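The following pair of complexes shares a single chain, subunit A, combined with subunit B in the former and subunit C in the latter.
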Partner chain A sequence: MALYDPIREELVKADLAQGSFRVHRDAYRSAEVFEREKEQIFSKCWLYLGHDTELKKKGDFHARRVGGRDLIFIRDKKGEVRAHYNSCTHRAAKVCRERTGNARNFTCPYHGWVFSSEGDLVSQNTQTGYAEGINADGHLDLRSVERLEEYRGFWFVNYNPNAINLYDYLDGARDQIDALCDQTEGQQIILSGEHTYSIRANYKLLCENSYDGYHLFPVHASYFDYLRDQMVGTPGEGLIDKTLQSYNTAGCARALGNGHAVLDSYVPTGRPIAQWLPSMGAGTRPEIEARYASLVRRLGEERAKYIAETQKNLVIFPNLVINDILSVTVRVIEPESENKIRVTAWAMGPDDESEELRALRLDNFVSFLGPAGFGSPDDIEMLEICQDAADHTPIEWSEISKGFGKVENPLYGAGMPDDEIQMQAYWTMWDRVMRGIDTLEKK
Partner chain B sequence: MNEAFAPALDVEWLRRVEQFYYREARLLDERRYLSWLELLSPAILYLMPGRFVPLARASAADPETIHAPDKELSGYGPRALPLREEGFAHLAQRAERALKPNAWAENPPPRIRRFVANVEVEPLAGGSVRAWSNLLLFHSQQGRADHLFSAQRRDRLETYGDHLRIVEREVRLDGDTITGPSVALFF
Partner chain C sequence: MTMTRSEVEDFLFREAELLDGWKTEEWAELYSEDALYEVTSPACEDPLGADARNTLFLVSDRIDRIRGRAKRLTKKTAHAEYPRSKTRHMVSNVRISAGDDGSTKARANFAVFRTKEDTSTVYMGEALFTLVETPEGVRIRHKRCVLDLNSLYNQGRLTIIL
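Let's look at the complex of A and B:
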């Protein structure tokens, strides 16, 4: 709820002369703002639905809530990927009550209407009472989402039929997805299972946190101690402190257009894709070096180095996070209200890696990125105290100015890893979409 | 053997295991995490599966298995994504971390009370036992809503000198959605 301010026209204020970029805290705490976000942000932007490799066989499905709407993400019996609204066209019941599975068709539990995997109504479970041809126009078939498109296996939906293409929407984020997919000569796949957890915070707080280089040392000191301990007695010892000292100068934060941005940094956690560290065990070394050689061969030295060595924290506006760090996580943040989110996270990895590397990747995922990991609890604590304090104090503005003012257009800015230019890009886009300046529609 | 009936009770084993659990719970409730480590075998496997809602599949041969909880578990190993799959070193790091002032989720520390109930014991060969127990964990942190976590624990305990220690623990949480910091606790 807006505490002391009625809903404001201006929630984002950029003052170049003063070097100040501010976001009104009603953007995190007001129910009215959240209502408007549902109409503007979540009805106009491309929202992540799922990955192609989660639907291996015909009939495989996942029931998901995306931007407040319940969908069935399914590969139909002809092999085509679809997204249906998960509601019976008769009298509304949920036709799919499982979270995942394989189905040829869906039978509504209420009166027994049957829908095929393509969404067609195939039975009304009765002989009498309905006019012949009542569904000739297909209005009783399961409703499909307005738009469904993919980029390199990542499927997104858009609830605005006139929205620009996903390809254009992703803009510079496409190059980051390429960098991820090109890691392997095979295919990046979602590894089995997912983590779901809830946090008492606004969804934008977690977006900000996901590529915030500034918070790394204050919040994760206990994790760096843990990494250092692991490397004691190996050549990796000392590496931690050395890289941490050069953290500010070695990487960068880059805005990629349309509110997307990435943080490129160097933290020596080891990367199962193509950067070996002693802490990963001698056994994995030949495979990782071979992978690096393949990158160089396919993409050239410079790109190979970027793909292998840079830790990448990507946020695709408005609520998809892809962390390509010591393990790859695809994480979608579903807002339930202005101060509550449900996070679903998947691990991703190449389909052609050894058991050993896969085990390491998943272990990294569970031990750092997962809800029980060494990183997450402290991050979550920070988000919840931000939300709590914003909710219970009258302070109007959050100051997100670090690195501000270097470029004309914040949507394409760049800065130091611990700058806040990635958030400036996010909020600039958010403000433009909220105010209808950018409709994200085809001209 | 019909699994619906408990075997004849080995009271002495039951008492030992119960006392072991009560002491363990008290150590943890009092935040004596380093002392707790002494109750673990160096070879301990500490597991927490992810849980999901599978499509129900009826079996004519065994109709009772249609909703068997085992089908809801993520599994472990290189092909699975459990919530936790940890060995001694990992738990030791957790214990040390929980006592650091800059581990923000633990400082100020939550007040936690563990209630252990429904203990069942099945003695195995070589002085070890399998034990089932239910755990109710009350979690309270300043300025936060209180939480209750309900879980089943499936343990294997072994005799070591005069004592028992934990060789394997699987914690099956019952909550549908987990709240962030909680699954990192000691259950």
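Let's look at the complex of A and C:
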């Protein structure tokens, strides 16, 4: 495949006058482009590591691969959250071979070096042969990730020590995280369990799909059939078609700066946060109405309505998806090559909701989301046939023009729910970072 | 205890046969009105004790969704299973014990092979059943599948019924 040379070849072509926005398919299928993405995108952007509530107790840890690098996400024995590279400073072996657990120390299985939860080298398993003070400068301690910052419980890493801070990087996406966190007077937490699976597709195909309003009817027809069947003979009958008729006009797609964007839409699935539907059962109604009242009291009517009723599909550039829809999922996309990804997804919910609402939230989740739901697998099939066809046909360009040309700066554009302005924002940022126009570094 | 092991085996083999024949709506008829069909997530710390009301599962279907799943899989618009994969359900090591209210508990090892396009994968694990006898015949009240996996990394997804 063609080598991407940022000087002489464009992979993203935008022509405002013609309303044309195109992405060269080498951006999805070229190993050379992926190598460059590792240097430019995954070494310079903020990458999601995990959520604060996944580390409940001191010593709790998760071993994770983030942007191709193996890390230990841990709350140390003093309570501070840290990210260490999972590699012994002696001869490289992984010091942590469990996916999750609780530890005061990590002992390298190879030669017995011991590191504290803070990362300090506390034993070399021998008293002999080493010069006095060989670790005086700390170079034999577990290596910490260059940057580790959080916003409202969401922890991110950045491998560029000079990167702008996370707060600025998130830009307009902060407001979306606020809308999620403000759902509760308590705290949003990662719920027990996770979905981990792979997809034979480029990571950007899943980003595009995660907030694509245009694909809803062709891809998810069988899910809407199922919803209709469920509502036959209930007060919700007819609601599906009524709401779906206005889908393309009722919401919007909005770019949030730095390549982040959200799709705001209205789909009649019901939402355990403050939008009750008859299909959710009469027993849950009082609690949901009380939650709505709390939103109004704390945030005002307009914001309450937005938080409660709008389905929000958010992509934080380059590889984090937070879908606050019929349930909330936090989904991180780890690229392994130009055509293979590992996906890890969690369910999120307020810590102060009742058992009934929690059950409903998780039931909603598995009805549509995840590798066995009635929605996500059909999305995955689409991504895999896109990748397969891009890999095996000579066609050069993908067309992502819908809704293009309304704004000067695609990084802050807005359009209809079934437009593609969210993807235009993503690709504009991608192109700028790949070319080094945006360095995402402190001035 | 109301069922013998060979009766249970015959029943489970029948279930497997319906699934391999893609007779999914006939398969759904094997389930009682109060049925629950579950597949725990491979990451689940306590797959035997876990409750889908507070832990994320892969599948947790009551009878409405069992029927919905069965029906959806008959459609061309269930894209993930179109063209349909080929499956082979192997059921073995069946052990039975008495359950409450005259029901029969059964545990069985399973391996389900799935071929989609040119790729074959396997879902292996243990299934736990509660079987009840009704005037219409034996019905499954509860089936929980526990996969011997750490993720669906090799399988990608679970769009067939185990």
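One rule holds for everything that comes next: the second predicted complex is superposed on the first by the 435 of 443 C-alpha atoms of A that agree within 3 Å, B and C clash if a C-alpha of one lies under 4 Å from a C-alpha of the other, contacts with A are read in each partner's own complex, and residues count from 1 in each chain.
Criterion: a residue touches a chain if its C-beta (ideal position, glycine included) is under 8 Å from a C-beta of that chain, and two chains touch if they have at least 3 such contacts.
Just so it is clear, the structure is predicted and the values come from calculations on it, not from any experiment.
J.: Just from the overlay, do subunit B and subunit C fit on subunit A, or is there a clash?
T.: Overlaying the two structures gives a clash between subunit B and subunit C.
J.: Quick check on the superposed pair: does A:380 touch subunit B, subunit C, both, or neither? Answer first, second, both or neither.
T.: In the superposition, A:380 touches subunit B and subunit C alike.
J.: Kindly classify A:98 by the partners it touches after superposition: subunit B alone (first), subunit C alone (second), both, or neither?
T.: A:98 sits against subunit B, while subunit C stays out of touch.
J.: Tell me the contact category for A:435 with respect to subunit B and subunit C: first, second, both or neither.
T.: After superposing on A, A:435 lies clear of both subunit B and subunit C.
J.: Output check: A:194 vs subunit B and subunit C. Expected answer is one of first, second, both, neither. What do you get?
T.: Touch status of A:194: both partners.
J.: Do subunit B and subunit C touch any of the same residues on subunit A, and if so, which?
T.: Residues 99, 191-199, 219, 221-222, 225-226, 229, 342, 346-347, 355, 358-359, 362-363, 365-367, 370-372, 374, 376-378, 380-382, which sit in both footprints.
J.: For the complex, which residues does subunit C have touching subunit A?
T.: 39, 41-45, 50, 52-60, 64-65, 68-69, 71-72, 75, 77-80, 150-159
J.: Enumerate the contact residues on subunit B facing subunit A in the complex.
T.: Those in contact with subunit A are residues 48, 50, 52-56, 74-75, 77-86, 90, 93, 97, 100, 102-105, 143-144, 177-181, 183-184.
J.: Could you list, by residue number, the parts of subunit A that touch subunit B in their complex?
T.: 98-103, 191-199, 219, 221-222, 225-226, 229, 342, 346-347, 355-356, 358-359, 362-363, 365-367, 370-374, 376-378, 380-382, 384, 388
J.: Can you name the residues of subunit A that touch subunit C in the complex?
T.: The touching residues are 99, 191-200, 219, 221-223, 225-226, 229-230, 342, 346-347, 355, 358-359, 362-363, 365-367, 370-372, 374, 376-378, 380-382.
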